[in-house]
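What follows is a pair of complexes built around subunit A, which joins subunit B in one and subunit C in the other.
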Partner chain A sequence: MSASLERGIHAFKEQIDAPVAAFFSSCVRCGLCAEACLFFTETGDPVYTPIHKLEPLRRVWQQEYTFWGRTAKALGLSRPVTDAELNKWEPLVYDSCTLCGRCSMVCPVGNDITYMIRKMREGMAVAGHAPEGLVSATRRAVTTGSPMGVKYPALQAQIRNVEQETGLSIPVDVTGADYLLLLSSMEIMNFPEFIGAIAKIFRKAGVSWTLSSQSFEATNSGIQIGVSDIAAELVQRIVDAAAKLQVKSIISPECGHAYTAIRWEGPNLVGKPFDFKVVHILELLDELRAQGRIKLGSKETQKLTYHDPCQIARRGGVVKQPRNLLDMVAENFVEMPEAGTMNWCCGAGGGVGTNERAAELRLKVFRRKQSQLNAVKPDALVSACSNCRIHLEEGLEEYGMEIPVLSLTETIAAHLE
Partner chain B sequence: MSAAELLMWIRGPALQFATVVFVIGVVVRILEILVLGRKQDLAAARGSALAGGLRTIFSRSVPDRGTLQRSTFNVVAGYIFHFGIFLALFFFAPHILFLHDVFGVYWPSLPTQFIDAVTVVTMITLLAVLLHRISHKVMRYLSRSSDYLAWLLTFLPVLTGYLAFHRIGLTPPMLMALHIASVELLMVAFPFTKLMHAFTLVMARYYNGAMAGRKGVNA
Partner chain C sequence: MPKDQSIGEALRARGISRRGFLKFCAATASLMALPPSMVPIIAQALERARRPSVIWLSFQECTGCTESLTRSHSPTVEGLIFDTISLDYHHTLQAASGAAAEAARAAAMQENWGNYILVVDGSIPVGDPGYSTIAGISNMDMLLETAAGAAAIVSVGSCAAFGGIPHANPNPTGALSVAAFIREYGNRTPNTFAADAAAQAAHTDISSKPIINVSGCPPIPVVITGVLAHFLTFGKIPDLDSLGRPLAFYGQSIHDRCYRRPFYDKGLFANTFDDEGAKKGWCLYKLGCKGPTTYNACATTKWNDGTSFPIQSGHPCLGCSEPDFWDGGGFYKAISTPTGDISRTAVYAIGAGAAAGVALGALNRAKRTRLQQTHSKVGIDDLDKGG
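What follows is the complex of A and B.
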């Protein structure tokens, strides 16, 4: 057994806890999870059945943590997991799973399959079976602070542009502000208007906020690739910035996995509860709305629908807030079939968007989103994740659909009085 | 050994053995899961893990609309054979008498003709489920030999029960011996196969629902 395989198997063993054992013990191979996964529904290939993506992890569980499996192993009757198998499973674990969590909602015995894929990636990564695109993004995140290699001067330049366009000043490194706003590199580089939108809304609503020049990156490649110590280091940078600036809360921006990373995994990664709150931008905007601090001068008249980013809705619990906000800002808001916690993934979450090898597949499975959109035929599609947004735009273009993709925050900012 | 002697042995030592394997096996399997433990979640909760876990134990018995539409046969057939086995096992008068002897509790039975019909429906459904497993590309792909074994072990008690009730093929003591023996096979294999899901799904659903419940999501 090679050293890297040994480390991988060891990591699998470390990752197996009571929920994982309960899940594997309960699977009856009914195959219902396949129909919940867009990688199966759009390809028809059973290899993409969610529970099948975990087969090597299941075998390690069986061989190490069950009486029967241990007996068989002692008698030399079981087949150990090999490097060749992990190699074969790499595209299943990374390219065809967006950690969207839809299978975890339909499994009749209650298996949280996504929880296990996230864990399996920990073993795959140390065994050297993570895709190149994610490895390099993670390397850049550690060395430059951003998976896209965006350094502070680049953000500074965008801030200057936004300040010129809006005439507002963007607070940076303001000690004692209530909120520290994080951004994703995607927002900084592709959607800097998000920063302007936040500045407008917060100014009108009287929110005390700041950016940090030291720690502005919200995304966390460590989570996507499945290397917890790197993920912890990236979270720690934010924790340190929050402490330095003495903020009460951190705002997670329009990015799905960034929210999971800082809100739900963050304290567990650094090993202690945060002494600040983490809110998603939509949660904060909905709070401001409820307090009457967002006053609109006009409403959006186009027919809008909302794409729930998986990590914000199904895996994050922010479901009704965007609807409250859309009810406020849109005259004609329609829901797609299966919207909310059962929404279909765009196809690019969980690191799939960063993984060049998966480009063809993620565009293929976008057909699921296409049919969901065709059911309501909106004038524009609103979402709250810049990663979704990039892929939605790409997918819509691929399928010749002329539907603009809007950010919910920006849509609200555009209609302020 | 006469049929009567065989029946005595099946009802006596063999049943005791099967019961011991079943009980110890199930307890060991559950302990094997629990001793693995899980890390305390340090993220500030939005909702109640306990409430979410308890909720999902029950709510997961009802499929979401999309799953019902996309996997109608699976869902409907699954319901029928699970309910069928439950009704035949716990509401057939002779079974209630047997369980009363063992546990000392008693409850009303359902009409025999009804149970007979349920048994027929259950057998037909189980055969259809087997055909589905063989013909459906996902299920065939996922299935291992243990899945077919579990199917057989579930089917045999229903079949032998039906044969024994209608006295088809063999003498009544022989049919009864076969019926009880098939149940004993099921009990012995239970802890070592996916049949364990009957117990562990409560845990699986709880864990899933609890993790989602903390985030304020109804899983």
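What follows is the complex of A and C.
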């Protein structure tokens, strides 16, 4: 079956649940969400007002689920949502929203606008209005297991390199290990040092862990494009691997949306509670730190600041752990203005990074990150999301800023005793 | 006193000078907002008018209206006008009683059939006609048969005009005003007929009889006499407002003519009966004054020979000349205070709203469940538009 407007509207109607109805009826049209969105603040274009990005979904809610809306529809007084309209809204829903959740934080009536954008994408995708870049990434994720087309042999090659570099053996398919480590394709292809860093830290701390040859991919394109059926299929692969290896916990790596996918949406997508725990790598590292299992030989002397990945900090609640870890590893740690739960998005989350059409826009809105960085002028920028890291590097280059971007895990590993 | 005397003759016989008579005519003209040129016409008409026969029926009333007319300290022209009219039947004032009294009414009706003025005070119990029965005749029947031969009906007092206190919630007697009674029962033939067979034969539908409401609890005396004078002078009833009251007296609200109005405009109010505002004579709005919604001449003609009126003596207007003034929610509650049981109304409204919400919610839920059941699984090939 191919995508169509009917399927899109059907999905909209299906997605409108009690929270969405409550949010739409609570909206007082104050426009505060605009000021919270970097796509508005950096462009000044009111079309990027977060709640406006939901207008077609709001109309469907009004026409299908409200008394007056139903009455007006029955009398033929309402304007139905058209394909042309969805086409017009496609860039608003996919290119100019990173699902960063900042608008949800400022809404005075407590509307979770991000939650609604996520749901709106369900209809946009089956109406054939998802961006090409995201559709092909999703296709690769479904067919090859990775949005970047990374197959197990590629991981194997990287593992061999890491083993050679570090002299450590990387456990794969170890049944009964405590932790199953997931990786994002970006880590495998762009930052394989991450695997080595984990191996070093876990060896010192005595953590029993493994990778799975069957399911190593942490990212979930289904979440980004907004197709729960596909997202569920991708989560199921991880659930199956965890069951096969009988692990107690799964580690979500330095990736933002992967954490949202497996930690928050996962059990809902597969329809039952997990038999294992899900932790973010920063949560686990902080736990090891608290237990005194991470011992450092030196400290980072550069002036460091930390970029909170939206899905990990704002949407995930992992805010204190990276600070604890940075306090341990850094001599000179400074916070950017609005750091923590109100941090500004890098501009490439929520599938925007995978969407070539949005390249110009995401670099334009990077100005917000630039001004945040200019306020503290760090020697290096630490983060905990490969997707953020790629875009931060891109943005810093674009704006001629020579600030290296580091992974927090790798920084800790570099200073182990 | 001979019955065929004219009013002028009668007044002179009682020692009222020509000058006093003209003063009355001038006052009446100005009260009724008639031009000064009308004064001699009024005088001439009244001078010549044959003393009209008036039949005064008292139903469910307190006699306050009669008291209002007769309780003047010195005899007034208004009072004398009443002395000089031929008041042929009036429970309180007539000497006769029982069969003799009813015979007097029958005689007056017979003699002046089609010409007498019927004054009614008190409301008519229709819920149970046994109430207020007079000489074995129910109020309903008495009004039906007496109204049949009247030239006009004057409903004196708020009970006759609007139902008044007997009509107040819960209205145990089923009291109706004269106008409401005639509207509903005017085409009935009375059960008992005191007048003779000829009168009975002449009985017609009284639905179209002119009715003048002179409301008030009690009404101002000069308003009653003014209305009678107008009728005698012009042979027709005066201009009436939407409630059937003569515009000349009920055309303006108490509030608009109140001497305390400037305080209202400045926002200076008495909040209690003994505070600074009350002592300084500020507006009584907050103490429940119904002046803004009450139409009467109190603020201009005043009471007790023009001595004062309620607001002048420091008490808010009760709104007694308005329909259902007794059920207005409280004499001492400001007009802006809701009269009904607002909290109960709110509870019902919330209940109804919640029920409607639950119903719509159930409908929406069923709809969404249906949609989820018809969900077709989305695979990667469903994301491209075909063709």
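Just so it is clear, the second predicted complex is superposed on the first by the 414 of 417 C-alpha atoms of A that agree within 3 Å, B and C clash if a C-alpha of one lies under 4 Å from a C-alpha of the other, contacts with A are read in each partner's own complex, and residues count from 1 in each chain.
Keep in mind that, in the parts below, contacts are C-beta pairs under 8 Å (C-beta built on N, C-alpha and C of every residue); 3 or more make two chains touch, one makes a residue touch a chain.
A quick note: this is a predicted structure, and the numbers were derived from the prediction, not measured.
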item	value
First (subunit B), second (subunit C), both or neither touched by A:S104	first
Partner chain(s) touched by A:G123 [first = subunit B, second = subunit C, both, neither]	neither
First, second, both or neither for A:A22, with subunit B first and subunit C second	first
First, second, both or neither for A:A3, with subunit B first and subunit C second	second
Chain touching more of subunit A, residue-wise (subunit B, subunit C)	B
Touched partner set for A:G256, first subunit B, second subunit C, both or neither	neither
Contacts of A:G395 with subunit B and subunit C, given as first, second, both or neither	neither
First, second, both or neither for A:K13, with subunit B first and subunit C second	second
First (subunit B), second (subunit C), both or neither touched by A:F67	both
First (subunit B), second (subunit C), both or neither touched by A:V142	second
Touching both subunit C and subunit B, counted on subunit A across the two superposed complexes	16-17, 21, 65-67
Residues of subunit A that touch subunit C when the two form their complex	1-4, 7, 10, 13-14, 16-17, 21, 64-67, 125-126, 128, 130, 135, 138-139, 142-143, 225, 227-230
Subunit A-touching residues of subunit B, taken from the complex the two chains share	28-29, 32-39, 41-44, 46-47, 56-57, 60-61, 63-67, 70-71, 74-75, 78, 136-144, 147, 192, 194, 196-197, 200-201, 203-209, 211-212, 215-219
In the complex with subunit B, residue positions of subunit A that touch it	16-23, 25-32, 34-36, 40-41, 44, 46-47, 49, 51-52, 65-68, 104-112, 115, 263-268, 271-274, 277-278, 314-317, 319, 338, 341-342
Residue ranges of subunit C touching subunit A (in the complex, touch as defined)	356, 360, 364, 367-368, 371-372, 374-387
